[in-house]
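I have a structure I would like to understand better, so I am pasting it below and will then ask my questions one at a time.
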Amino acid sequence: MSNVLKLDDVVMRFGGVVAVNNLSLEVNKGSIVALIGPNGAGKTTAFNVITGVYMPTSGKVSFEGKDITKEQPHKIAKLGIARTFQNIRLFKKLTVMDNVLIAKHLHLKSGLFGTALHMPWAVKEEKKMREEAEALLEKVGLTAVKNEMASSLPYGQQRHLEIARALATSPQLLLLDEPAAGMNPQETMELTHFIKEIKDEFNITILMIEHHMDLVMEISDDIYVLDFGQLIAHGTPEQIQRNEKVIQAYLGVEEDA
Amino acid sequence: MGLQTFMQHLANGISLGSLYALIAIGYTMVYGILRLINFAHGDIFMMAAYLAFFGMTIFSMPWYVAFIMVIVVTVILGILIEKAAYRPLRDAPTSSVLISAIGVSFLLENLATFLFSGKPRAFPTFETMTYSLDMQGVSVQVLTIIVPIVTLIILFILLFVINRTKLGMAMRAVSKDYEIAKVMGIKINNIIAYTFAIGSALAAIGAFLWGMKYPQVSPLMGVMPGLKCFIAAVIGGIGNIKGAVLGGFILGLAEVLLVAFFGQLTGYRDAIAFILLIIILLVRPTGLLGEKTAEKV
Amino acid sequence: MLKIEDLKVSYGGIEAVKGISLEVPENTIATLIGANGAGKSTVLRSIVGLVKPVSGDISFNGESITGLTSDQIVSRGITLVPEGRRIFPNLTVLENIKIGAYMRKDDLSEDIAWMNDLFPRLKERSWQLAGTLSGGEQQMLAVARALMSKPKLIMMDEPSLGLAPLVVKGIFDIIKEIHKQGMTILLIEQNANLALKAADIGYVLETGSIVMQGEGKELLKDQSIREAYLGKSK
Amino acid sequence: MNKRTKLLLNIAALVVVILFIIIANELFDSYIKRILNLCAIYTILGLSMNLVNGFTGLFSLGQAGFMAIGAYTVAIFTVPIEARSLIFYLKPMNAFLSGIHIPFVPALLLGGVIAALFAWLIGAPVLRLRGDYLAIATLGFSEIIRIVFTNAQTITNGALGIKNIPTISNLWWTWSIALLTIFFMILLIHSSYGRAFKAIREDEIAAEAMGIGLFKHKVISFMIGAFMAAIGGGLFAALLGTVDPKQFYFTLTYNFLLIIVLGGMGSISGTIISAFIVTGGLEWLRFLDEPMSIGGINIALFRPGLRMVVFSILLMIVVLFYRNGLMGQREITWEAIGEFFKKLRTRKTRNAKGGAKVE
Amino acid sequence: GGSKEAAADADVIKIGVFEPLTGANAAGGELEVEGMKLANKLYPEVLGKKVELVIADNKSDKAEATTAAARLIEKDKVSAILGSWGSSLSIAAGDLVKNNKVPAIGASCTNPMVTQGNDYYFRVCFLDPFQGTVMANYAFKQGYKKAAIIQEVSNDYAVGLAKFFTDAFVKLTGDESSIVEVGNYNTNDQDFSGILTNIKEKNPDVIFAPGNFTESALIIKQARSLGITAPFIGGDTWETSEFIQVGGKEVEGAVLSTFFDDTAPANDEAKKFVEEYKKEYPNRESVAAVSALGYDAYILTLKAIETAGSADPQKIRDAIAATKDFQGVTGKITINEQGDADKNTAVIKTVKDGKFTYLDTVVIE
């Protein structure tokens, strides 16, 4: 298996805070990789570095062998990395459909004027975009609410929509930042299946941050554990569950178990 | 250019700059707490100038009585404006509040035009202030010496109030976090009202001194000084009092020195403020002494 | 001491809290657990008057405090250690401590000394700007700030958030300590394990409704809770 | 409602508007026509500002500057060559420019293009600024343009301004261009680019993560806005027949801000309606400036200036109590109109029924 | 209002007053209207019909100016228009009066462009070139050799005057470098210390500072406080009481050219005008020239209506164009081909004891 994403000694500093410290990791094609660790460990920051929101203080990020350390976020999205956000960032006042269509904008072929003036070829492209978006919404079960305003959806559906929106950019690598946050166990279970499904359906690789250990342990092929910005463990779910350091820093000692 | 002329220019620049600084502090105070560009500040300044004018001419108050009266009434005006136009928008997006501020500014200008007519009036001055001292060929008005002193005194008083008193502590707290300030038991509306009161008082003092130096009042007199002082505040780093003073001096000196060294460009003088502003914003997006902020994703 | 009846809160049409009732008896540690976005913080925010409930009643020591302003509520002896610490970064450590006592008019020196006892680290840093403190120190400061108002009820919103396990333990020691000194505590935690262990009563909140309540130790043993919140496999 | 009916309705509406223009041109006096012309021009300028501020979420206050570019381009190039030496009587016109005459339409477009280029130039540094800072920087640029125009005497005739610009007095020019602009705006906003703009308005970070180049799209929106503003400015110059730098004082921008705030930030139909209300209303309120007497006694309140006071109070009321303006981000669509009538009808029948019950 | 309905009446002849009553030019506009109103009060009838003044505020703004003018023409159907103070406003209305064939008479708009290429715009005042030349002559006569100029670049009037002053002064002195310094400023500027300091270094004999009276008064004040002793000379816009109020004792000795002198009325009509004006506006310390011009503009229009024997705008226009040796309070007026008043006399005044005082009369051949 070849790696899709590779981080080499990435350091991210904010003033005095070292949010990510010498992080190196690899994500293999077609796998589901989890990034876990206590709050403030630097997981989201790592995502932000990967997606170009922050430029790392030092280190290198490569995607499919290409150095993307200094790329801008929208270029990275175009290259094939999509993400969701820890605190949902939908285009709240736009419809569900529009949210998905916006994510398709990056592959638009018709130029500005063709598009703006609704030239025949642009109209055709728009039609295709809409069809694809409909299909996607169908898959994530949001067809019924496609004309609703995004902010009016219940929390769980917003999470789904965020994933659908990310998928609409046709990514090869999908970064999910706490997708199960705020979901009850039932929903979390459904999400577990959903993630597996989309991975196969869209033939993508997934890197995910999650605190729900059920989910993580069930679907990850590989887990990285961060603490204070530093990698403290890496391995399969079984290895991680048994890792002393991880139990100390994150999983907690199960005194009564 | 002779040394004497240069010194004269310098004196002019400092004198103008310190007036800018004084008014800029008011902008910065309000911005620092409310994150609001109080576009109406220049017009509050104008209203204060009119109050002083009417006080001293029609009601023939002695200047010190007028001075106190102007400060009191302007403070009330400032608080009223805050109450009527900004408080209802406390939870609204910044753009709504900014538009409200522009609206207030527009209203004050039109109201002044309606009430006082568009005609400029002569601001009463008195000899003790306007008397020119000759310092080895450099003539300096008494006012030119007084204004920077007043500005610096006010700066130090405000720094003291803000950094050393309970009120100041509350102001700083409110500026960072309304909600938690509330949870501390701080009545944020009162704190904001105090801030406006201080800002308006500064506008009043500024108007008084401005009137002495440029003895003329008109409904639109606040527009340009307002804009320039706002720019001064932004240059210095809006929200930072020391920055406002720094920005004021820089702007005043820049304007006068442009005239001094590039006489043929004097027509571009008003552009200087903006050019300076844009250059500084490009180099330091939050001004010279402004704090950097980045959005956490 | 604190009693909430049928509280409903919504943010612009979206109902975050859907009619919950709970009680915190005097001198107990009560805890509210639940997933992200379940509405826990919202409950605390409505208690201190930061959000206006749509309906329902909140009473404190028998007096209804619904609709009072935050400062009125705080002056009755309730205080909040907010989620994410939210200390005032532009104030020094000492000022942050003092601002906690903003409502008080009496002499603070005794209580400041108490804080210095409780948090020796803060004493060392009293002139430092609070924004430059480490996360753990900030959390201590937030607790100290809240204590300065001499509250009868102190509410803590995820005090262990973003803290190393060791620091978390320290925070919980402090919680127990102030409880011993006679304070009532309402605690929100993600770390349900720790919270339930410390708590006398626990409430479980799920998408805006209370789905379970009981003694802390009881809940800890409950199978469904274990599955949902303690991250333990079946 | 299907596509065909909608198309038919659109055509019908267009025909009605064209008929209106024909009739208005014939029947109305030049005073009314002038106001209608202004309405159309303000519609264009309002839309231009709404594109940037309302749809893309950039707080730009540079309209007056772009307008000035358009107005001056039209002025400089369309003034008859023989009139130029008379106009530039203090300092002769720049020798190169003085020989160039361009017909109205190309000059109008040229103005738009220059403004767009200029927007591109200043966009690079300025559009990276946020919120308040962007507002003040764009305002600054508009003032710089004005000041340059005041001082560049051989090109703009400085403070004297340029007069003798061939004027337009019928409604065709302004209204057809306004219609084109509206049409273009609707198409643009409903295209993929329009959605991208709105995405930027809603959440820059998410938009960028979805592959929308923030900078590129902001610049595009800013340039299109500048182009439209310049077209509006060019028409304005041709309507007045004269330009001078004072007309483009930064406070002019506030008028358009007012239009979009009143109409609704992010609403095309709102902008159009509000352009008419503001322009027409200001004219209608003129009675406030005239002395008025009730029973022979002159009321001192009615004197010049009252109109603007009332106007600004109205503005404040809108800002404070109707925060989202008339339309918010909504649009008037055929569906909405259909809904409205349906509701009206059901309400009527319900009322009728209710009435019966009481009996 | 009640008066409006009566307006439709054919027994009324309407004359539009097109002036800035709000905005930057309000002060001048107001003074001009005072003269017109007074004239209307004294001469309320022509051809046996009542003359009604319809006043429209052009807000000192061009866009407003055109609608205001259009309104006068179309809505109020006035027979002629008077105004406006501020040449650019008159220029803005130029096309409208031309296209609608309604005559307009400017009272104090001195910019040449007002009447240029417009057969329907006239004026009763002299022009900027004339005024600039007058002041150059005056300065030369005083023996000044070196002059400095401070001009309001954003004001067409000031720029015009400065240019013609420069031309004439250079010609008179025969010295290309007789203008030692030119300082520019913008309307509403309040600080002039920079340009004044530069001027002080050049030490000119005289400073010509045409511009708005407020800025000019501030300039003189600041110059004096900087120790500049050279005399200041300027144009007719200075002649307002605010100039003296703002300028205080520093403007003592400032010299300006103007159209009219109320202390030495040229004829009986002028005497009557001054008397009545003082009665009507007791608060005014002196009679401003623009008020006198406003008065003349009204009377000239009235005369033209009388000559035309009709309220038809076209006929009135022809009558105005044919005006010869009309005895106005500001002197004899003959309308030339351009539509301008042929005047070759200007009054020079100075500020003395807080009053504008007659100094000299300059005649340019």
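Read from first to last, the chains carry the letters A, B, C, D and E; within each, the first residue is number 1.
Heads up, the rule we're going with is that a residue touches a chain if its C-beta (ideal position, glycine included) is under 8 Å from a C-beta of that chain, and two chains touch if they have at least 3 such contacts.
Keep in mind that what you see is a predicted model, and the values were worked out from it rather than measured.
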Self-check item: chain E and chain C - chains in contact with each
Solution: B
Exercise. Tell me which chain's centre, taken as the mean of its C-alpha atoms, is farthest from chain C.
Key: E
Practice problem: State the chain with the largest centre-to-centre distance from chain B, centres being mean CA positions. | Solution: A
Quiz item: Taking each chain's centre as the mean of its CA atoms, how far is chain D from chain E in angstrom?
Solution: 35
Quiz item: If you average the CA atoms of chain A and of chain B, how far apart do the two points sit, in angstrom?
Solution: 48
Practice problem: Round to the nearest whole Å and give the separation of the Cα centres of chain A and chain E. | Solution: 73
Quiz item: Centre to centre, by mean C-alpha position, how many angstrom separate chain C and chain D?
Solution: 52
Quiz item: Touching two or more other chains, which residues of chain B qualify?
Solution: 113-114, 117-118, 223, 267, 270, 297
Quiz item: Of all residues in chain D, which are in touch with two or more distinct other chains?
Solution: 147, 150-151, 205, 304-305, 308
Quiz item: Which residue numbers or ranges of chain E touch two or more of the other chains?
Solution: 21-22, 26, 153, 184, 186
Practice problem: Over in the complex, which chain B residues touch chain E? Could you list them? | Solution: 1-2, 5, 8-9, 12, 15-16, 113-114, 117-123, 125, 130, 132, 134, 139, 141, 210, 214-216, 218, 220-221, 223-225, 255-260, 263-264, 266-267, 269-270
Self-check item: chain E to chain D touching residues, read off their complex
Solution: 1-3, 21-22, 26, 55, 57, 61-63, 66-67, 70-71, 73-75, 88, 91-92, 94-96, 99-100, 111-113, 116-117, 152-156, 158-160, 163, 184, 186-187
Quiz item: What does chain B use to touch chain D in their complex?
Solution: 37, 84-85, 88-89, 92, 94-96, 98-100, 102-104, 106-107, 110-111, 113-114, 117-118, 223, 230-231, 234, 238, 267-268, 270-271, 273-275, 277-278, 281-282, 285-286, 295, 297
Quiz item: For chain B, which residues are in contact with chain C within the complex?
Solution: 166, 169-170, 172-173, 175-177, 179-180, 182-187
Quiz prompt | Residue ranges of chain D in contact with chain B within the complex | solution = 53, 59, 125-126, 128-133, 135-137, 140-141, 143-144, 147-148, 150-151, 205, 251, 254, 257, 261, 265, 303-306, 308-309, 311-313, 315-316, 319-320, 323
